[in-house]
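Chain naming follows the written order as A, B and C, and within any one chain the residues start at number 1.
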C-alpha cells in the first residue's frame, strides 16, 4: 500500500507495509539519515522526530499513523525558531561527542523549549530522561538547553 | 592500551622523514619512512595535509572520530605549525592503509587506548611545520627574498618588509619543487595559538543538523537492507530455518543463511526486521547450551586458586607477610559488561568478483580491510574501506566480528547490502568485558602503613588474541595495568591467572581497559587499608605518594575542590580513587548519600586531572565528564547475565544505562602541565566505581567489593 | 478477607529500571493475578447481609483495579510504574500538570492510540490508547488498602466529581479502562472482562457501595 508522507514540508509517496516503523521509511526509503536507530523499542530517543509538532519515537510509530501529518526531522528543525536556537546553543556549548544521539536530543529539546521557555535543571531532566547518550553529554545538554532558553 | 607506552616498539619516531609530492589533488605532505629504514615501513604515517589551489586545506585524519574529539585535536596540531586557522580547514577520513596511517605507538591503524595524541603530538606538528617551511621557501624564492624574512599566517606567506602576501593555494606548484626540510623546529609552547586553548569541535555543525554520516548512514546506490539473527548460544550454530512467512513480507528479497546466523534482506530495514521476526529458526545450542552466569562465576571463583604467572615481584612479600601479619585479604569481583554504543553494530558491503567496497565506522581500519579480504577471498588491494564517523566506540569497534559477519552475508547478495544489528543482537553478541576478579592480600606495619601488597588478577588474556605484542611470557600486560599500585609499598607481588570466557563468547577491550579492571581492587583496597589503620584515606594516600608528585598534585587539587576537610552529615560520604594510566594522572572524589532504604544518590563527582600539555581544554573537560558517566553507568547497572549459554539482557529496558536525571554534578579541574601530553578518552572511567565504593563505605559502613552496586546491600533498616 | 496492601518500596536510585527493580524486593501483588477468573455478581448472592455483600463485591472488583494494567497508572507518586512487577517506568516519567507528561516527553511520544507491535525485542508491543495518561494525583491507588481505594473511588472530591452512576458508566464504557483487557502482546490482562467488571461495580453501587475495612 502507498502512503503520502509530508516530511519537512515535502511530499513523499512511499510503498511499504503500514506497520513498518516511520524510522525506516525516513532513513531507507526517503534517505533522511539524520534520524537514528538506537533501540527499536522507544527506550533511547535516538529516533525522535516531530509529528504534528509532538516529539515521537519514530522506531515505534507505524508509517500508517504518520501518513498525511506534518513530520519534521533533524534535517529541517533548524528552520523553526526554537530549533535554530537549540542548534546554536549546542554549538556554543559544544555538546556533541560521537554525535549519534544528538539528532534525537535536539528534537526533544526543541519541543520542550517551545513549551517551557525557562526550564530548571529538574524540568530539563524530566524531559531529557527519554534520550540516552552513551558519551555522557548530559551535563552539557543541561547547559545548552538553559543557554537556548536564555537566548530567547 | 593502558600502558602501551611501555611497549617496546620496533621503530622510533626519529626514523621518519618528510617527503612531498605533487598529486592531482595538490600538494601532499606527510611523514614518510626513510628508504634506509626498513623497519619504519610498519609505521608510515603519511599524507595528512592536502592543499588545493583554492578552497580549504584538507587534513586527513589518521585516527577515527568516535566522540573523543581527536579530529579537532589533530587538526589543531597540524594547523598550529602550518599556520592556518581552523575555519580554513576541511577534514577527511583516512583510507584503510596502515602503511601510511598506522598509529606509531601501536604499529597498526588503530584508534584506541587513549593513545592517539601521545603518538602524534610531535609527528603532526612536524607535518604541519614541514609544509609551512616549503611554502615559505617557495614564496621567498619567487619574491627573491630570504625565507627568514618571511613569515606565515592564516594560510598565507607574508613578506612584511614589502607588504607582499601569497595565499598557500597560489604556491603549491612552487612548494612541491622545494627541498624537503630535514629540520623542523617546532614552536615553543609559549607561542601556541591553538594548542592549549579551547576551540570548538570541527565536527559539531554536521552533528547538530543531521548531516553527519555514520557507518549506519551509508547508502550506496542500489543498497539493500539486512536484519540479522545470530545464534544466541555462544558457540552454537544454525540448525534449520523456515523462511516462507518471511519471504511473504512486502519488500523482502532474500533470506541468507550462514553457519551461525540468518539474515533477511529487504528494500528497507523495517521490512527486513519484520521478515526476520517471521522466521522460524532452530538453533543448535552447541557446547555451552546449558551454561548460566552462576556456572561462569563459579569457574571464575575456582580460578582464583588456579595457576598464576608472576608479573611483578619487588622485595619479599612472603617474608614481609610473615613478619607483619595478620594479612588483610579481600576479593573484588567485576561483572560481565557490554559496550552498548548508541550506534548499533552495522556494516555495508558491496562484494563483486573484482573487488569490494566496505562502508563502516571502525576503530581498526587496517584489520577491517584484512577481514573482508579474508572472507571474500579478494586481494587486499581490491578491498576499499570507506571509514565513517563512529556512533561510539568504547572498544566495541576494536573488533571486526561484525564486519566479518556482514561480509559473509554480503558474499551471498547481489549489489550492496547494509547489515544492521538490532540492539538485542548488539547486546547479546558483544566483545564483552569479561568477569574480572582481583584478590588482594596486604600486611600493615606497626605504623599502619602497608608493608606488602599482593594482587592476583583473574581474567581473560584479551591481548593474547588482540595485540600479542602486548603480552609477556603468557601474561596479558593490559589486564595487569597498574596492579602493583602507584603507592610506595616496599614489597609487591602481582600475578595473573588466565581465565577465559567459554568458547564462542567474544571478550575484548572496554573503555578504560586494564585500569577499569584493577582500580576497584587497588583503590578500594588501599582505602580498606587506610580504614584498618585508622588513618584518613586522603592522608594515607598522601603518605604513600611522596614519590609521585603529579599524582599527588592531582589528589590535593581534587581534595581541595571537593572540600575533603569539611565533614558530611550521616548517610553521606566521600571516596577517593586515583589513577595513573594512559600517560595521565587523575584524582577522583565521589560524594554519595545513601538512604535508610538503600537508595543511593551520587551527589557529585570531582576529578582533577594532569594530562600533560593540553591540546583542547574543552575536550579534556568533555572527555572526563564522558568517562565518568560511562563508568557510573557500569558501576550502577552494568551486569550481563547468562542462561542456556546465551545472554539474557537485550535492550535498554533490562540493560539500563545512565540517563540525564541520574547524572550527578561533575566538576573537572585540569592541573596545568607542560609535560608530554597524556591520553584523556579513558581517564575518567576507571576511578568512578572505586571512588563510589569508598564513598559508600563512609556513608554506610558497608564495604562493597562487587559490581554493580547492589542497593539491597545498602539497606540499613 | 485479608487486607491487601500494595506497597511499592521506592527502589534505590529514583529511576531504578527494570533490572534493578527485578533484583530488588518489590512486593508483588500476586493475589491479583493468581486469583482465578473474576467472579460474577451472582457468585455473591449467598451473602445475605447487603453491606457484607457490597464489600465482598468491591473486594472482587478491586482485583481488576489493583492489577498492574490498571494500577501502574495510579501510582503513589506522579510517576507511573510499568510491567507485571510494577517497576518505575523507564524512562522516568513525570505526569506534569496535564497528566500527559511534560512537553518534549509526553505519553504520546512513545504510546500511540493503539498498542504498537514491535519486532525483535523481548518487549512485544508498546501499549497504547487514545486516552493514554496518568490518573490524577487524587486517584493514587498504589500503597492503599482495598478499603482506602474504595473510599477514594466514592469520594467526589477525589474521583473526578463522579457520581456512583458515573462510576458505573466509567468502569463499563471508558476506552482506557477497557484497554486493560486488550493490553497487547507480552502483557497480562486483569481477570474477567470489562463487562463483568462493570457489572460488579453496578452491583456494588446497588448494594450501597459499601467499602471494605
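What we mean here is this: a residue touches a chain if its C-beta (ideal position, glycine included) is under 8 Å from a C-beta of that chain, and two chains touch if they have at least 3 such contacts.
What you are looking at is a predicted structure, and each value in this text was computed from that prediction instead of being measured.
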{"item": "Pair exhibiting more inter-chain C-beta contacts, A-C or A-B", "value": "A-B"}
{"item": "Most remote chain, CA-based centroid, reference being chain C", "value": "B"}
{"item": "Euclidean distance of C-alpha centroids - chain B vs chain C, Å", "value": "47"}
{"item": "Rounded Å distance between chain A and chain C, as computed from the means of their C-alpha atoms", "value": "32"}
{"item": "CA centroid of chain A to CA centroid of chain B, Å", "value": "28"}
{"item": "Junction residues of chain B, two or more chains touched", "value": "273-274, 422-423, 651-653, 659, 661"}
{"item": "For chain C, residues that touch 2 or more chains besides their own", "value": "15, 90-92, 119-121, 123"}
{"item": "For chain A, residues contacting two or more additional chains", "value": "19, 40-41, 43, 126, 128-129"}
{"item": "In the complex, chain C residues that touch chain A", "value": "15, 90-94, 96, 102-106, 108-110, 112-113, 116-121, 123, 126"}
{"item": "For the chain A and chain B complex, residues of the former touching the latter", "value": "16-17, 19-21, 23-25, 27-29, 31-41, 43-44, 46, 73-75, 78, 87, 90-91, 94-103, 106, 124-126, 128-129, 131-142"}
{"item": "In the complex with chain C, residue positions of chain B that touch it", "value": "227, 273-274, 276-277, 422-424, 597-601, 636-637, 639, 649-656, 659, 661-662, 710-712, 714"}
{"item": "Touching residues (chain side chain C, partner chain B) in the complex", "value": "9-20, 22-25, 90-92, 119-123"}
{"item": "Interfacial residue positions of chain B with respect to chain A in the complex", "value": "65-69, 200-201, 203-214, 216-217, 219, 225, 249-251, 267-271, 273-274, 340-344, 389-394, 420, 422-423, 618, 622, 625-630, 633, 651-653, 657-661, 663, 665-666"}
